[in-house]
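A single structure is presented below for examination.
Residue numbering begins at 1 within each chain, and the chains themselves are lettered A, B, C, D and E in the order written.
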């Protein structure tokens, strides 16, 4: 009985939070704040995608920015060259990412642990260099620019940030839902077993290679959905800006700070990191260069020293304490 | 001439890569930390060199002893203050820590000395040895020789001295090490500090070739990873050969394929090695179950 | 002051101009020079009585760090422009950061004056962007024209040239211009080679160029790469005529790096501190002097234009007496700047075309003399003679 | 020499040992028996400083070593061979042995000790330059014992040394344990599942059950005890 | 008698060490076969060869008359070859139930796998610790959990590498019962053990390896009386076993 009541209570919270999120743009003080929310959603979505392989599988990938970039470039090029709506080309982006994930995963999952991570760095560098090299096709270092042609859903261009807000909210919700499904799927269970002990898992018939590859591809496809939304929102892409290791690290960092292998960790990470870099920039950006970014680095260090398992664990404690209290009352 | 010059180009820059990779590999070897801040340690080493040079002058190479001392202390302090609290908290913790450290160091340095480019006025930087058609740039030759000496010395240190063996023991199992009377924390501290000192040495040897500025470490960060894997993670001599191989691959890709694609050449070789010989070209194996 | 309507609700006492440039990350060094210049301009304006049309209202520079990341640059722009009082934007000097900011400026109807030189900036149809500096492709043209002039005057007989450039927006657009002009000028481009930005070894590059037998080389490179290329050429004992493509070859650090050896080095520049329009006007000549006194280095091609941008806004406000950003934009589009600190760009007159680009300007050639870059070409801008040894 | 009194210890929230007291005299061989998970290993780890003692006191010749960090304890003359052997598989067998004599007090006579232990375990001599990781389970156990002896310890702590050893080797190991205690006067604290062998090799024994000492006495006494026979011998 | 595994002329060297040298033996369907021998005689290596962790240098491994040398580790598990490791390898952060469930999912739908996992936990008497994290289990329970997981693959043969090590005699009794129970289900067992009492209680037949070759094979009690076996393996203490 009490369980049931608690469940309702919990649901109440999440329903309340969802409604709050849905109404937010109406009360948002400025387009800027809305834009920051869009960034939070998009980065949370990316970190959620990363979490599938990097968290649940503990296969730390440093090429997720590349899949993101693949998504962005695919949709941009198809739109600029053939006027194909990003809503359609998102599927092309997913297919491209899937294929590339297979190409990277195929050799690198023969290796375990840190080797895989380093292989992903190599792959990311190769793709970045190629994007720079094939200038005629990709615009090279100049990047690609999307001129504003008036608001339209088909071309994902809007006068304000509000439509992006809802779109990115939906994308995030979708990816969290996929992760939730994945957690409970066979694939999810197999991956968790592999994470714990790969030798044992294999000896019991789990095809670790295939499972990791599948999860990696899933994760890559997930993040490639975010690419087009982000690219159209920012309306400019270039290989250094979105295909760089720095971005991959940022994505991973968000998931880790929030808490890996948890459903809500990546969102929490984004809620903290994105405003943090905005706030340090706003407060200290006008002083001598470096201060804001240095503080940002310092905070990363502090978080990891004091909460290495991710900030989501704070909530565990909170929950635990509540339980304890109840027990005492009884 | 092109062939000869290409080989020389490759070997010389390879020595530079080895210098940076060797610090990375010892930290990984002993502490299992994939250190994303190694490039920044190099950067700090270059600033230290530059500051000392401004204060003392002379030849930058004469600054090696004080730089060793300063970097060793810097390494110990870093270990005590930020690394030690994280020891044993897992790979992802190390990743975040070193990423954070790298961002922090880069920007603190910028905060203090600005984003300017500094250099030291030594005449050696444009000197070269001419061998027929082939020319060898003197600073690179010195860095190359320096790399060989440092790698050799470090290798002997780890293989032959008790402290070196103790560090390897700690690397494998710190609890067992402590049962043998080895202080694991001391091993870690020394390994970390040596990694930082190696970056400092690289800093001295690179200062004549590169500007000193906050992001200079980024020039080498990725290549160093590749070199380390190629040589076998944690393998000191492997780092030297890995560095030379990457240098050669880069030089040959640049000369014979396309200059722009030199990084692609490097990373393709890297992926091939991962595929064919994942324990690194010089790695050995230990039984599994 | 013109139309004082006593009904104005409140008097304007400060006018906010946003400064957007990278103060951290890859491009922080250029950003810092920009910031120095902008702050100096504000200081000069405010000390000389502020904006007369607004009863001496002072200019406040809203300084922001775009970082070197396009995403962050965009959200910084959003944040800053959510302040309705901003009348205009100065920045950025990096095309990759300017491009994502443009749509934001457009949406908010605030004019941005930029010193990025990419050809893309004014070709997007945006109305709120102004680009007073020469375009990337013009640099090459100036370099080649200069080489032709040299060939004629000193009978150098240079036929074979090499173009090497970093693979960046800046490098690519500059090199494109050089190549096209060189070919049409009958020069043989024996090497046309890009290299990855931030490379660690110029040996292969220099080996290739040396082998090609090029008599002159047009390198387009940022600071570190420029240093590598120059030093490697020296140590490989390869001494062709070097005509730098700006950027790294104009950096104060380059002067320090090479010491006395820097003297004689040639480069194209989007702006130089001693072009005739400045050096011949004592009022203007004081500006680079003040800058040098204050910051310890000569006024760079980043700093100079940025300084004048602040003044352009000032003059536009003076002219209209308005702090409405739309009004100011329209004023900028129509005004002609001449003989004022707003007209530092050579040849001393600045006027924007329909696309927002300054139709009057062109690059200059400089030569390092006595440790500083001096303008030597075109003759109409030159303040010093070329020295040949 | 060793005195453990009223010790409580565990792993984080998990308490394993409750008020455990044991002592050990010079030259004695004492065994510690008890079912799986009783806390035997935990007690040894507490003695060696691998886990903190939450309350209670451990003394060595009347000097407290309760708070001493693990790496200082070998200097006292205590060598601990952990459960699962703890050999260093990426180092050669020679280096494993040399590190056995890493502590200051043992360093001077490393060469002699090396000869001595290689005499005890000839198989190690044959493979001296190979990586320790290439040894089979039993061979690794021998290496672990040999390495501990390199320290020239006063007290040897052994955690299930016969685990995974062929019967003939088990005999050998016990012979060596006896020999070491006789020839060198080394005291021995031994955990062993094989009660028969454990008690026949030792002077005294303690029985540990769910973290508490439930019985102690001379080996003969314990051996004669009916409860023990029932629990550990299945008789 | 029907052979489930037939090993022919198996060879495996590591560097200079000839760990398994021309070994041939067969495992009959339904039996409990003891694989004994001194330390380093190649027992674990045999297990690793059969389960696919190592590739043999030469020789054949027939499983139900089919050569399986080319197959991967998981493929071999999926056709019914199970093994435990000398030291247990739990999925530490999964609960006991989840660990078994995960493996059961390989061959079943979610609903069926849950039922199956519960059945197995019942059989292995782990149901009272079902919700505990595997990493928190004491040693002997970990060994049982290893076995429980293997049962979830529907094994035809299980190779147990020293499952009795570290157990005291009464715990060993329990484990022996469990092994018997498993065998009763028609699962063939290859039993590697140094504890002779367990070997004698469980095995109908033993194979003795020594220095990578088969030293002897046959009825457990008889083999143990052989001089060569005593000399190489058992030593004096077991003459009267």
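Keep in mind that, in the parts below, a residue touches a chain if its C-beta (ideal position, glycine included) is under 8 Å from a C-beta of that chain, and two chains touch if they have at least 3 such contacts.
Predicted, not measured: the structure shown is a model, and the values here were computed from it.
> Which chain has its C-alpha centroid at the greatest distance from the C-alpha centroid of chain E?
That would be chain C.
> Report the chain whose CA-based centre is farthest from the CA-based centre of chain A.
Chain D.
> Between chain C and chain E, what's the gap in Å when you average each chain's C-alpha atoms?
76
> In whole angstrom, how far does the Cα centroid of chain B sit from the Cα centroid of chain C?
37
> For chain A and chain B, what's the span in angstrom between their mean Cα positions?
Centre separation, chain A to chain B: 32 Å.
> So, what's the distance in Å between the C-alpha centres of chain E and chain A?
44
> In chain B, what residues contact two or more other chains?
In chain B, the residues touching two or more other chains are 107, 110, 114-115, 214, 260, 263, 287-289.
> Residue numbers in chain D touching 2 or more other chains?
In chain D, 134 touch at least two other chains.
> In chain C, which residues are in touch with two or more of the other chains?
In chain C, residues 23-25, 28, 31-32, 167, 196 touch at least two other chains, as defined above.
> Once bound in the complex, which stretches of chain C touch chain B?
Result: residues 23-26, 28-29, 31-32, 167, 193-196, 198-201, 203-205, 207-208, 211, 223-224, 227-228, 231-232, 234-237, 251, 253, 256-257, 259, 261 of chain C touch chain B.
> Which part of chain E faces chain D closely enough to touch in the complex?
Where chain E meets chain D, its residues are 14-15, 17, 37-41, 44, 86-87, 136, 138-140, 162, 165-173, 194, 196, 232-238.
> Given the complex with chain B, which residues does chain D contribute to the contact?
Going by the criterion above, the answer is residues 48-50, 69-75, 79-80, 82, 86-91, 95, 98-100, 102-103, 107, 131, 133-134, 147, 151.
> Inside the complex, what are the residues of chain A that reach chain E?
186, 189-190, 192-193, 196-197, 199-208
> Using the touch definition up top, name the residues of chain B that touch chain A in the complex.
So the residues of chain B touching chain A come out as 34, 36, 82, 85-86, 89-93, 95-97, 99-111, 114-115, 214, 222, 225-226, 229, 233, 258, 260-261, 263-264, 267-268, 270-271, 274-275, 278, 288-289.
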